[in-house]
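Every chain is named by a letter (A, B, C and D) in the order it is written, and numbering of its residues begins at 1.
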Amino acid sequence: MAVEPDLKIELGKQGVFVTTLNELYNWGRRNSVWPMQFGLACCAIEMIATTMARYDLARFGAEVFRPSPRQADLMIISGTVTKKMAPQVVRLYNQMAEPRYVIAMGACAISGGPFKQGYNVLKGIDRYIPVDVHIPGCPPRPEALIHAFMTLQKKIEAQPLTGEKRPRHLDADAQGEFPVPVPAAHDLQPPVNRLVWPLPAPTTASEAGENA
Amino acid sequence: MSTSAIRSYLPPVIEVDAENELLEVAMGPHHPSTHGVFRMDVALDGERVVRLKPVFGYLHRNHEKIAEKTTYLASMPYTDRLDYFCSMTNNWAYALAVEKLAGLEVPERAEYIRVITAELTRIQNHASAIGFLMQEMGASGTPLMYAFREREKILDLFEELSGSRMMCNYMRFGGCRVDLPEGWLDRVSRLVAELPRFVDEMEALLTGNEILMARAQGVGVLKPDLAVNAGVTGVMLRATGVNYDVRKVDHYGIYDRFAFRVPLGDHGDIYDRYMLRVLEMRESIRILEQALPQIPAGPILDPKSKPRGFRPKPGEAYGRIEAPKGELGFYLISDGSGNPYRYRVRPPSLINLTILEDMCLGQNVADVVLIFGSVDIVLGEVDR
Amino acid sequence: MKTAEELLSELQKALPGVQVSLVLNPSPSAQHALLVAAADALRVAFYLRDEAGYDYCSNATGVDWLDREVAEKVRTTRTVKKDVDGVEQEVEETIEQTVKRMESGYLEAVYHLYSMKMGPTDPHLPMVLRMRTENRTDRTELPSLTPVWRSAEFQEREIFDLYGIVFRGHRDLRRLLMWDEFEDHPMRRDYVDPDDYEYEPTPHDEVLKRAEAHRAAQGGAQ
Amino acid sequence: MLGEGILKGLAETAKNFAGSFVSEERLTTVEYPEQRLPQIENTRDFPFLVYDGEDPMAGLRCVSCQICEKECPPKCIYIVKSTDKKPDYVGKAQFYPTRFDIDISVCMSCQICVEVCPFDAIKMDTEFELSTSDRFGGLILDKHKLAKPNSYYQKIHPTEAAEVDGRLEEEKQKLEAKAKAAAEAAAAKAAADAAAKNAAVAPEGQA
């Protein structure tokens, strides 16, 4: 059973530390998130800057950038995902072992950003793989990446080990392989994975067709 | 036509024993050392490279198509994202082409600001390029850390000036967007005074290093006649000994007013390219030392230039500058409307890769990574 | 450095019979171009490289010129009988008519040449070389200039990819930027990009039209 | 001697390492989020809308001219113009945006909207801690989220804001002077008219 937060603080003051298996497990997970060494475009440079001396991502236990997807927990999609690159990104994601997380860094990764009207630019990687944290910005400052990192850590911390909201690696039925799109004559096929990317409700008048 | 003149410059064909089985390796598009999303399809005979085909387009973001659908000004922030290390020089090249197309004059103060920002850009680009090259050589961390430490200082200055660290969007047709903030010049002077110490430190760390020499000298040699014919520019070209620097040749901006030398290499190998980057940083510091005290007061923008409703008369223009990576050109065709009819970027990074195959053939596969790193490319510019 | 006019006369003298003409550029940049017929292009290019000193091809690119309607004023002179001062006389009269005709479009390859061995000269204008295809659809062949300037190698592949100009004599003409299965030539001005306008929270102009078209195509339900 | 260069390099690294214990300038790390870099005045991130006075919606400077929407390079601004008018800060009746959305998942922070705005209504914010796991709700800012008071603008960009305020004040005074002059002229005219009338009437009266 979980200990009441007040009691926990009180005990902590007296030198007694109480924790639950859940907390301990998530504490370990959130402080050793290893990102994949994977840069796409401009944002990758800010990602590198984040790991360098001034911002020092190592303070969050994430300095080990793994060159292989098999050893990484986190994929930072840092930059424009083009349609030519998208199958490779999905393939790399499929190769990562659970638990795996995705940060979409920058406008291009979230929605295609400034290049979204381009014929070869994917309008957001979340059309093919689930994204945990989005960072707006073009490119986001290194501090913004660290902020996103802390957001992700909070998310990991809040995950229960059992029940409906348990992380995917503890759920035997969770989807593991995501379909890799195939480059076709005019566009990627399929253009979107409906299981990951449900069409959102219209947000503006024109999208709802009100003042067309 | 004289028959002796017909010389073509094609990569050599490497002879392979018919019994040997070739190993085909696809390096990239996700590869730790490819500076982003670049792919090389390599065929290996043991350790030796016998065929190499670069594959592009993994970062093709349709910059040119988007620019042809939008106004002249709206393309300016997109140029920042071409070579995302050097947004200031990209801005300048584009502004220069538009100025040629529309016949705009740049006030003197703006010319000085352009030189100062461009040379700062060159320093941070070369420092980072050396850092990445060493990263690929296996010097994990240290040189790159040092380079980024200095880079952050320069980026701080850019942020103070333009508001953004990397994507400055600072120059305008016929000048610059805003005037210098108070005290900015003093802070640049202070940084410029510190920079020689940084270059010395970099040199103490690397120049005499035996490992660097062993791996870089005589590797990835490029011959001057091939370099010229293949349109290689920038450090890559000058490392072969060809004296061609657009700053000296084209007399653009106000580079004529400053005394600086164009460092030249002798062997055209990786070590020469490294050394040239160091020397160019020193020359950039010299230009900055001359430009900073001279900067005059005055306007920073041509009064004829306006942000909205900019429509140059029909015609075309090709403008180019010496960007840190080589000759960066913009080719614009105007049909008299608010959007360019044709907008073309001449990317130095892409054209410098033309001879990648020639340089790598016959070398060991481990050196391919190094040769590629010494070209100093940015994928945003290669694929656009 | 020679001007385009001087170079044109030099070319006509050195290579008799080549079809080269001058394309004037009215913008302040004054970068005039030489238009060379596809059949003579290689001869002219080799001459430019080896005799005229243009050893460096900086930029090679394509341009798409659509079919367009040209309105031309045509003056015709004819003799009409007219009543002048009460006397019928034959008078020459000039009538101006606006005649519309369709000019067929073409694809153009543009090369910007400089000289490295000549060193700094003032003004340092590029030598612009242009070639045109016969039309935009089926006769889009041009000779490749890669044998002359290796720097055109990737750029010609890019032109082939984005504009669809087929360069004869290119050693490795494949798509450069798009994937191999791709069929269109996206930089052409009449290219329509794929319909992925599912979620456009801030649409206007062109985007709005495409987003509405997309919604209609999806049955309007979504 | 072989290895001399390596030793020299190692000495350089050692110097840096040892130096970081004594020299302040060698400590480059800024421990975000506990420490922050000093705020640079010109920094820009995403646009926001400036309002004057107390009520964010009534005080918006934006008159819905839609220039920023047209000039925005990635087209991330969406404006619906009102059909009625409301008085702006000087009391002139102006249109206002019934809808003003900025999709910050597309915005490239280029500042062109700020440059082209003739009303000083849109400015750049410095807030960057916006990462969210809510893709569709968190990244579209509507006009309620975008509206920020002029005092906030003065706080983040003091120099620029002072200049803008000065200019607006000048314009306002000019307008007021003009209105005053117009009112005076009207009053004078009315007085003159009245005098003329009186003059016209007077002879009649006398007659």
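Methods note: contacts are C-beta pairs under 8 Å (C-beta built on N, C-alpha and C of every residue); 3 or more make two chains touch, one makes a residue touch a chain.
All of these numbers come straight from a predicted model, not from anything done at the bench.
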Taking each chain's centre as the average of its Cα atoms, which is closest to the average over all protein Cα atoms shown?
B
With respect to inter-chain C-beta contacts, which pair, A-C or A-B, contains the greater number?
A-B
Where centres are the averaged C-alpha coordinates, which chain has the largest centre distance to chain D?
C
Please compute the C-alpha centroid of chain A, do the same for chain C, then give the distance between them in whole Å.
46
How far is the middle of chain A from the middle of chain D, if each middle is the mean of its Cα atoms, in Å?
33
Between chain B and chain C, centroid-to-centroid distance (C-alpha), Å
28
Residue list for chain A, restricted to those that touch at least two other chains
53-54, 84, 114-115, 117-120, 124, 138, 141, 200, 203-204, 206
For chain B, what residues touch not just one other chain but two or more?
57, 60, 62, 65, 69, 77-78, 149, 152, 167, 383
Hunt down the residues of chain C that sit against at least two other chains at once, touch-wise.
177-179, 186, 201-203, 207
Category of the chain touch graph - line, ring, star, complete, other:
complete
Spell out the part of chain C that touches chain D in their complex, as residue ranges.
201-205, 207
Going by the contact rule set out above, which residues of chain C touch chain B in the complex?
15, 25-29, 31, 43, 46-47, 49-51, 55-59, 61, 63, 110, 112, 116-117, 119-120, 122, 124, 126, 128, 147-155, 171, 175-179, 186-187, 189, 206
Residue set of chain B touching chain C in the complex reads 1-2, 5-6, 8-10, 56-57, 60, 62, 64-65, 68-69, 100-103, 226, 228-232, 242-244, 248-251, 312-320, 327, 329, 331, 333-334, 341-342, 344, 346, 350-351, 353-355, 383
Tell me, which parts of chain A touch chain D in their complex?
53-56, 59, 107, 110-117, 124, 126, 131-138, 140-144, 146-148, 150-151, 155, 200-201, 203-206, 211
Parts of chain B lying in touch with chain D, wherever the complex brings them together
70-71, 73-78, 142, 146, 149, 152, 156, 159-164, 167, 169, 177-178, 181-182, 201, 204-213, 307-308
